[in-house]
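Please see the structure below; I have some questions.
In this document, chain identifiers A, B, C and D correspond to the written order of the chains, with residue numbering beginning at 1 in each.
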Amino acid sequence: MMNEFLMISFYGTAIALILIGLYATLAKKNLLKIVIGLSIADSGLNLLFMAIGYVKDGTAPIFSAEVVGKNVVMVDPVPQALVLTAIVIGFAVTAVALSLVMRLYRHHNTAAIDEIKNLKW
Amino acid sequence: MNSLILLLILMFGGALFAFILNKFVPALRDIFVVLLMLGVSYLFFSTGISNRLNFDVLGIHMQWGFTSASYLFGIIVVVLGSLALIYSTAYMKGKDRLGYFYMNFLFSIGAMLGILMSRDLISLFFFWEIMTWSSYFIVIYSGNDVDRRGLKYMIFSAIGAYSMLMAIVIVNSFIGSFLLEDVFASIFAIGSGYQIAIAILLMIGFGVKSAMMPLHVWAPRAYSESPMSYTAVFSGALSKMGVFGFALVLFNLVSTQNWLINEVVAWLAAITSVLATFYAVIQSDAKKLLAYSSIAQIGYIIIGLASNTYLGVMAGLFLAVLHAVFKSTLFMAVGAVERQVGTTDMTKISGLIRRMPWTFVATLISIIALAGLPPLGGFVGKWMLYEALITSGHYYLVIMVFLSSTAAFLYSYRILFGMFLGQEEPEFAHVKEAPLSMLIPMLILSGISVLSGSHPGFILEPIQSAMASFGFQSNLPHESWWELTVLFNTWGDKVALVNVLTSIVGVFLIALAFITIKGYKNQRYVTTKDISSSGEIIQPEDNMTFQIDFYKPFERAIWPLLKRKIDDYYTDFGKGLEALFDFVRRFYNGNGQFYAIYVMAFLALLLIAGTKYFGF
Amino acid sequence: MMKRFFIFLILAIVGYYIVDVVSQIPFGENRVNVGDYYLDKSPSELKVSNTVTAIVVNYRGFDTLGEVTVLFLAATGLASIMFRRKRKGEKDIRAKKASSRIIQIGSQILFPIIILLGAYVFIHGHLSPGGGFQGGVIIATASLLMLISYRKFKVNHSTISWIESIAGIVFVLLGVTGLILGKTFLENFLPTGELNNLLSGGIIGIIYVAVGFKVAAELTGLIDTLLLNNRPEANKEK
Amino acid sequence: MVISPVQYIAIPLIAAFLIPLFGKLNKELVRIIPGLVLLYLSYISVVLMNQVISQNTMIVEIIAGWRPPWGINLVFSPFSGFLASLFSMLGFIIWMYTYNFKREVEDAQTEKFYVLMMMLITGTIGIVLTGDIFNMFVFLEITAISAYSLTAFYRERDGAEAAFKYLLVGSFASFFILLAIVLLYSQVGTLNMADIAQKMPDVNPYMKGVILMLFFVGFGIEAEMFPLNGWAPDVYTQAPGPIGAIFAGMVVKAGIYGLVRVIFTLFDVHEIFPLLMIMGVITMAVSEVIALRQGKLKRMLAYSSIGQMGLVLVAFGIGTHEAVFAAIFLMFNHAVIKSLLFLSGTYLVYHSKEKNISDLDGIGKSLPFTSFLFALGSLAIVGLPPFAGFWSKLYILMAAADVRLIAVIAIILAVSVVEIVYYFRVLHRIYFRERISTIEIKIPSFNAKISMLILAIVIIVIGVYPDLISGLIERAATDLLDKQHYIQSVLSVGLH
């Protein structure tokens, strides 16, 4: 019961975040909102990955002095490591995106994506 | 080193070298290209037809070597090539980008030799494409409206080449080999639908180069606006590559069950020749006239090939050789006029006979050959063609050929009269005869035309061995189908051509001498404007040159036929495509968000389709 | 409106499939995967108590090298995107008004503490939760604090690029040293020490410290570049 | 130190971190170091490729001492090694071109340009060499971030707009690939590609399908597949010229490598091949058709590049050995030829603001060498003999004919006619128009000429003698199709 509740809340939140982020990216006109949408979707994905790595009643995968030698269940450490990487990459992309937004705003005096159409066809 | 490879290396390497030489020592360029071509000709003639070269490229087996059929065409190529290059040295003097011109000239000759020596479809296509782009580069070398003209040539060549390529890969997928022998041997084993498709696709490819009916629209402008020294080769030799290809296809890839293909090709060729002749008649520019005439003549050749009788094929090949000879002479002559006078508009020029007598002689001989008058070769060829068509029962085709060769008299006359006869305009009084290096090639070729009339045997001999290599065995009643100077016909009559020739020439010479001596004292030169004796006052804008409106009635008569040019349909089609393409372009509307939506929509589609249809 | 409806439709389809697929993944179940191997080996062979760190720096250290590179590239790319010729007499000022005294003094007090915390986090990366990235980010927050409270606080970009470069080179060279010593790239060549000891885990600790420095320097530079360019007069430029 | 594949990554990284420091010492070092690095990479390519071909193996290098599937590994197989060698050598040639390019740009920017350019190349090499799916994602991001920044490199163009579009769509690509990796990990519990390929048959088909579709879209974006390639033309147009060459020559190729590696090795589902082929045909037809209607040179080249990628996809989609051979051959040819076109085209429109094709009128007289190379490249890309493009096109057609895809052949050839039309239109303008525009002309520097000349010579030599390279490509095709060999070679490494 508890487990199912956790499952629904974790998976549900993650997927909801993903969809919200994607919606913002696809439907919002403002460049900043689009970038934010991308970040939200990334967070949702990271959360999803963490949730997949969860093991019932698991502890953090750290062999501190208290747990050494005892038989404890630990959660899967791989998603955590990968999510760390993914977060950093997401951060880097966001930083570049923001700088592009600043330059676009300076150049076009607007942040609406449908008015920035110098390149087409 | 194998002489075949040496031949190609000399040709292509020499072409590049000519380009570089032109950059650094332009003075040596002319001598170099002529010597190179002569050297290549020597090498060509010393290479026998037994020489075979086998090698593999990318796992594709290839074979090079001449057969007696391709050797025949090879002779045309090297002879015309050498003469045209000699002609070029004077004709092209003073034009710019000569390195570019000669490089592409030599490339295209080398590519033609390559086509002829290919015994497999891949190298055939390989050299075919080299020939295409090198000739294209000369087509756009000079003249106006380069964009349209060049593009038209390139588009049609590309369509032709690619349909050829399609046929080639399909053949290979069935037979597993590109070698012509293998293809010929096992083509009839594959399904007949594919068989027909392959033949048609290949013929589209060859039809473009030989300017067959619906695919001919590139030809008039391309022939007429290239430098004449190249057009001599272009119309004389390069279009014969298409004929060569037709011969390969018609004799080897079309089975006797598919006789309809032969009929259709023959009829298309007949229509080509009639329409092109009509167009030729109404042209006022000599170059364009000759261009249309070329298209028409190749029509006859293909009728001959498609008649699929021994005599017909022989006539076709004979006309092919002859056409190469006289049409390149004519182009050279017109080129000489163009160079000396500055225009080829027949409504402006007249009376050049006194200024350029030798050019006139060459033109006269070639025109006689073209019109098919006895005693020259054209008559022999046409005779054989008629006979072949009649004996095989193609009466309607005979009518078509007859119609077009009769109409051909009209333009033959026009080119002769328009440029050389008639009154002499004062503005052309300063015109001089063309330089010797232009005259010599013309006169040599005219000489060949004369010989072809009196001694057709020397052309028919290689043709007969060529036909043997195409698979036509002489199974006709006469042991020897020809003798050196005598032409037989199916009914066994003999026509001693030398006697005919000598008697006609004799009469001609006597008449000429008579007219000259008799009329010499009485003649007085008047210009075309000088008709004040009739009491009419001539305004300066009235051009009284008589060839201007002479053909009006004829033009009016055939106008319904020519009103809507095929060209216009192609243009409309192209416009429609462009509009469609512009519509497609709107997909990229510039809004980055839309691109993201496309991505998501594509993913959604894939997820639905993927789970439903891809069987996951 | 059509567009929005269309987007809803697409997202509904994609969402349906994601939900469908994810709900087939059993939650909280201990699956057999490479993680078990890491949990087994990292305390026994590497003597690293934080398995995540062991994975990040050792097992999948190559990823981390790439990750550091991504950050480095983001900093470089951002500087290149924001690059602008300075006009004459232009000063590097971030805001028109200085912030209030309370914030200034508060940040003065907080600054060393935050730096200390960051340093602690990346030095103990192999023992406790945290590591180079986390520590570096914490340090960068400290400089962000200073940047927003002091109008004239200057970040020395030359120093930053030195730190960045040296930290990056240390990382790669540690990897290459393994290669030179006849082992593989990024393989541990130092004694591993005792579990739960500060000096354990061989090169893992050193690498994480280098990463910490690098991340801190890069983020600081990044923030500074973004802030410097966010001035009204910069917006006028076309 | 023994030469090993990891140096492809390590050496450029050291250099990238060092360049800012050397920039303080001497401005010239900033330009020289990337060249030395790429030269060294070309050298190790030759050594490693020789080793792989002569010993008939693949080099699998483990990293951090943990053998697969636990550690990350680099796989220098005939296919990935061929691409890595191609990228490093092409990279060196493009570096040679950039050496004197835009000297007027500030030093600070020059430094960043070279760091980003080198990392762009390294990222693509990493994508093809890595044997780990998550690591591939990381390298994809390295490539992507350098690409975004380089696209927006010039302030005076609309680079930022193009870069933002690229970033937006590229983020979707990363998102889908990462989502696919997450789902894949939840199913097979490993990230090593060989291990995944081994465990793949156990995954339930529905899951497999969804994951494959996510990968397909993700890598399809990088491979410029049709409805996903909205970013591509803008990016090619706005990026600096040599970077356009890198995009066409390497970045796209890396995307295609990812796509085919996933499809052929990881999943090995043959049902996807028709989809790949159909998408290839659509991509090719649409973009070549649009290229015909372009008024701007670089945009035309961009659409042409997309079209060629479509052709590559068609060939991979046919999926026979011959077709894969043709596809890899075309990838090689396209990398060389399109680089030449971008490099020479850049100088043709160097000072032109709008980069219109009409600015090229009569430029052949002023820039004979560059125009000549551009013409040569045009002839080669449309597949006219005797240049390199001909053989790959021929092989694709042969492969298609062998499986009786007559319609596909017809479409490929029809599109080739379109291609001929728009390339020859440009050539007309270059050579047979009078020069009217008053735009200043930029004569290429000596090193730029040399680099273009090298590419041109490669095109001609391969065109006349394709067997020079066909052995390598043959091995690469065999390697891609032999999934079991890949799995065994990777998983047996380090077992002692």
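In this section, a residue touches a chain if its C-beta (ideal position, glycine included) is under 8 Å from a C-beta of that chain, and two chains touch if they have at least 3 such contacts.
This structure is a prediction, so every number in the text was calculated from the model and none was measured.
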**Request:** Using the touch rule from the top, work out which pair, B-D or A-D, shares more C-beta pairs.
**Result:** B-D
**Asked** Farthest from chain C in C-alpha centre terms, which chain would that be?
**Response** B
**Prompt:** If you average the CA atoms of chain B and of chain D, how far apart do the two points sit, in angstrom?
**Reply:** 44
**Item:** Mean-CA-position distance for chain D and chain A (Å)
**Value:** 29
**Message:** For chain A versus chain B, what separation do you get between their C-alpha means, in angstrom?
**Reply:** 70
**Fill in**
CA centroids of chain B and chain C: separation to the nearest Å works out as 73
**Complete:** So chain B residues touching two or more other chains come to 585, 588, 592-593, 596-597, 600-601, 603, 607, 611
**Asked** Got the chain D residues that touch at least 2 other chains?
**Response** 134, 138, 141, 145, 148-149, 152, 155, 160-161, 163-165, 168, 172, 179, 185-186, 191, 206, 210, 233, 290, 293
**Message:** Quick check: what residues of chain C touch more than one other chain, meaning two or more?
**Reply:** 3, 7, 10-11, 14, 17-18, 22, 25, 31, 33-35, 38, 60, 63, 66-67, 70, 73-74, 77-78, 81
**Item:** Contact footprint of chain D on chain C as seen in their complex
**Value:** 17-18, 20-22, 24-25, 31-35, 37-38, 41, 58-63, 65-67, 69-70, 72-74, 76-81, 83-85, 158, 161-162, 164-165, 168-169, 172-173, 175-176, 178-180, 183-188
**Prompt:** Given the complex with chain B, which residues does chain C contribute to the contact?
**Reply:** 3, 6-7, 9-11, 13-14, 17
**Prompt:** Where on chain B is chain D touching in the complex?
**Reply:** 56-59, 122, 125-127, 129-130, 132-133, 136, 140, 146-147, 150-151, 154-155, 158-159, 162-163, 165-166, 169-170, 172-173, 578, 580-582, 584-585, 587-588, 592-596, 598-603, 606-607, 610-611, 614-616
**Message:** Applying the document's contact rule, which stretches of chain C touch chain A when the two form their complex?
**Reply:** 3-4, 7-8, 10-11, 14-15, 18-19, 22-23, 25, 27-31, 33-35, 38-39, 42-43, 49-52, 55-56, 60, 63-64, 66-67, 70-71, 73-75, 77-78, 81-82, 127-129, 131, 133, 195-196, 222, 225-226, 229-230, 234-235, 237-238
**Prompt:** If you look only at chain D, which of its residues touch chain A in the complex?
**Reply:** 134, 138, 141, 144-145, 148-149, 152, 155, 158, 160-165, 167-168, 171-172, 174-175, 178-179, 181-182, 185-186, 191, 233-234, 237-238, 290, 293
